[in-house]
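Below: a set of structures, written as structure tokens.
Both of the next two complexes hold subunit A, though its partner changes from subunit B to subunit C.
Moving on to the complex of A and B:
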């Protein structure tokens, strides 16, 4: 029946796609601008006319400066180490907490869960000074531990995983207890495999947030050797690049690239994890 | 070998009492069904036997051992759930193997990744594989072992759930409405298979259902529960013929038993049958205990309101003469044709009349008491 109005149908599709393309273009523009600048020679960057592709290709020089003027690989490695450690610790804390809040019955459970919700409301910046003072007391400032420890407990992670664990029927847990699994084995053998998409989604949130974080590393760390990529780029600007935006943008492209690759790989699972589906 | 003894089990959630002082002995190898309307506490009682819920007071004894302080794993019971509760991320084989692995492999041998390196694990895995395959053959699911539960039909999932319960040879099978997610035809077929399974295994089955037909057809004995209390525990035919409580009489049997109060009966101008006890407030009779006679000849009179032809039987819904209340009558299809709006008389066999007092307790006529004794 719809095939009877090919003209109208076609027009509707064009309109829909036009809107989508416009929105995507708007979101991607800063990113494209960054890539474009990273390929331009300095004199072209400040030209008045707008041009996406440079007239004189200067990409090789810019990326060469970005990779050699600062220890870029060191920054990337630091980022990998810090993000992996944070995510591992978060899982270690969040999964048992979320399981207890979702599936065990004990006095004060609802109060504890309210505390988690309150924790969600606190902006991390509000905790920066207490964290800084505590790390100072333990003499951990300007170490990897200073970058990792304040994020080891994620209220967001506890909340997210608790919601997913709740969607697993109690009968499965009862069956597991009758089958002889202990509580930790239930978590390991039943809960984690059944909520793998949610764990992936949480992993992406966590890693993106801490890979891109500038605020906390700026406070906690001063040494170049333990800088994360975002902080490294900043140090690099101060010392070397000055107004040389080309190499700076090249550096920014380099630190964003691993995240993009990771996202493309995990894209399917991320979407599965965010769309709350019934798991059978 | 396990008989189950429940002694004054009480369970409440906050203010709400769910199980009120239930005592029950289940014999070794018996098929006992707990039947009752939803929310009567039957599933809670089952979970208390399994150890998944703790009772507030009372004792559970399985096979002569008090199991109150034992975890579900140690009680030697297996359970089949309404939703089957299969592990969706594991293959059918792994679903069946899991209860064996947790029992036969040591903690160290079960460790993720490291476990494989421990000695003797391979040999134990071989015995597990053999046992799983044997159970799968018994239930005719051997060809499904590599599939995930999501790829199975309802009936196949049901078999896998049964297999997971029986693979470790428990002394007691607990079943919580295992057939209620199946369509009607499959349900009847699985009923027969569960009965056959019980006969073959010879262990104690405790089966929870709200479907009185399942209770009647499958069980050695039926325990009728309502409002957290046991009303009557008896063989199915006794529950049908000789209920102790009006609620039991109404629960068991389809269509439902006819109940006419004494006041209604006399207000219809009908004489009470001989032998009605003076305390009897309700007179009840099964649809097959009523005979159709010419209008005015019966003890009660009414008009046929509707006719349900089931092929083997015809059920007549007869509205009583004053227009209040309906009596269901079961007639043979060969009997004379019954038409709607025809006036009929109802003849009730006094021997099949059940009498209940104002609290719904059974009142017996003198000769019935003698017969029961």
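Moving on to the complex of A and C:
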């Protein structure tokens, strides 16, 4: 790629790695620091000279405190439950709507699509007060329903899936209709399998967003038992045991790890999928 | 085929298409009805409600309220903390947006320059994007700790005495902005990489024929112009996210010290859900909503002129 003399090419290669190692350090240092502190006894954390690996290994104690002082696994389980429920609801609502917008002719289609586009502009945080009040009226505050229901509709999901559904040729749908398939069968047996990458990407967006969300759980939930991971770690910090850096960092590792491990396992396909879908 | 046959066939066709069309109408409405109901019940209804609330003096827990016109907005616009929060949010965005876009672009260009270690670099830069901000903000809090923190230890090693980053009025917002860049630049990188992949090789060949074959020439005449649409997209995305900054503020500074790191969304949260002043909170929401929507629309309009390669 780089034209010119071999010497210049070599220098360019070295420069590339030198700069990228710096930016990688910026990206990864917080994680290294977190893991390092989570393995250290208190006196070593406050020592003047810093070592990445602890001289006295204190990991077992720190993680034990984190797991017993706060229901860390409960937080993770809550996160899983809430994210799965939200995504399932979103699919149920978005897929038929996106299909109709992409492939069916009906009066009001353009108006509905404009409404979806306007919905895309609305930052969800702006709806917090009315959502809070609605849940209050139905007595649902501080329940799982409060964490799930406000997210049942995703204009992003409708928009994204509509774009992908449109890219499937009409001939395929006509052929399926001639074969006697109903519209819902067409969705189930043709549209969903053919747009699996888009659905996966939508799922990742949805799950990452709601697993990491702090704003809404902070409003909707008070009880520790139903806290999601992002809220749970904050409750732990403001608790007595969270005043100690070792256990606090151990807790942070437990909260952050599941998504990061999942990401590292599936990273290549995941990154490509995210880029493609965001640009649509 | 006789004319009569043709005619009959056409008529049958029209009949059938009328029947399928009305069937299609019914099915379509069935398919969109859940989404439509939820759009109204969870998005547009609530937006209307927020506007309505902003005109009342209602407080959570009290049973009656009065319409007080634009009094909430008057209070808001004469409240110095609101202006502080607004200007802080703008300053935060003014640091985070260029920082994220530039860093994301440079990293993307360097990664794509050679296949060497490409996968590792991509994954490593992307990790912050996937991580839970509230937990990582706590980690950043310890890194920025005045005595045991990594940052001040590193500065101390080269003879500079650091400050108490998050408790100092001069540095709190800056520290939060750095955390914001840290969280977001990996996502910008991914978008730029996919933009780079879409640049056709022929353009580089053509540029080489015209004598532009140095790295910088190629960058200036081919790569950067071709990245126009992606750049527009990244800028809008990053700016929107910057205006939504909340987690790091809530976890680390609560807007302090002395409102030095107060931002719009945190102000809104505090007024509405700590002080339960819903009317005032709703007015703040209306202003916030107006800013975010205007921002998105103007940016799209402004950048549209420069982007015509897609």
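We take it that the second predicted complex is superposed on the first by the 228 of 280 C-alpha atoms of A that agree within 3 Å, B and C clash if a C-alpha of one lies under 4 Å from a C-alpha of the other, contacts with A are read in each partner's own complex, and residues count from 1 in each chain.
Just so it is clear, contacts are C-beta pairs under 8 Å (C-beta built on N, C-alpha and C of every residue); 3 or more make two chains touch, one makes a residue touch a chain.
No experiment lies behind these values; they were computed from the predicted model shown.
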Partner chain in contact with A:194 - subunit B first, subunit C second, else both or neither: first
Touched partner set for A:172, first subunit B, second subunit C, both or neither: first
Partner chain(s) touched by A:53 [first = subunit B, second = subunit C, both, neither]: neither
Subunit B versus subunit C as contact partner of A:255, first or second or both or neither: second
Touching partner for A:185 - first (subunit B), second (subunit C), both, neither: first
More subunit A residues in contact - subunit B or subunit C: C
Doubly contacted subunit A residues - partners subunit C and subunit B: 279
List of subunit C residues in touch with subunit A within their complex: 21, 24-25, 27-32, 34-36, 38-39, 42-47, 49-50, 53, 103, 106-107, 110-111, 113-114, 116-117, 119, 121-128, 130-136, 138-140, 142-143, 147-148, 150, 153, 182, 185-186, 190-191, 193-195, 213-215, 230, 233, 237, 240, 243-244, 246-247, 250-251, 265, 268-269, 272-273, 278, 281-282, 285, 288-289, 292-293, 296-297
Of all residues in subunit A, those that touch subunit C in their complex: 1-4, 12-13, 16-17, 19-20, 23-24, 26-31, 33-34, 37, 45-46, 50, 92-94, 96-97, 99-101, 104-107, 109, 112, 115-116, 119, 121-123, 125-134, 150, 152-153, 155, 158, 183, 208, 211-212, 214-215, 218-219, 229-231, 233-234, 237, 245, 248-249, 251-252, 255-256, 259-260, 263-264, 267-268, 271-272, 274-276, 278-279
Contact footprint of subunit A on subunit B as seen in their complex: 47, 50-52, 71-73, 77-79, 81-83, 85-89, 98-99, 102-103, 110, 112, 149-150, 164
Subunit A residues within the subunit B interface of the complex: 169, 171-172, 174-181, 185, 188-190, 193-194, 279-280
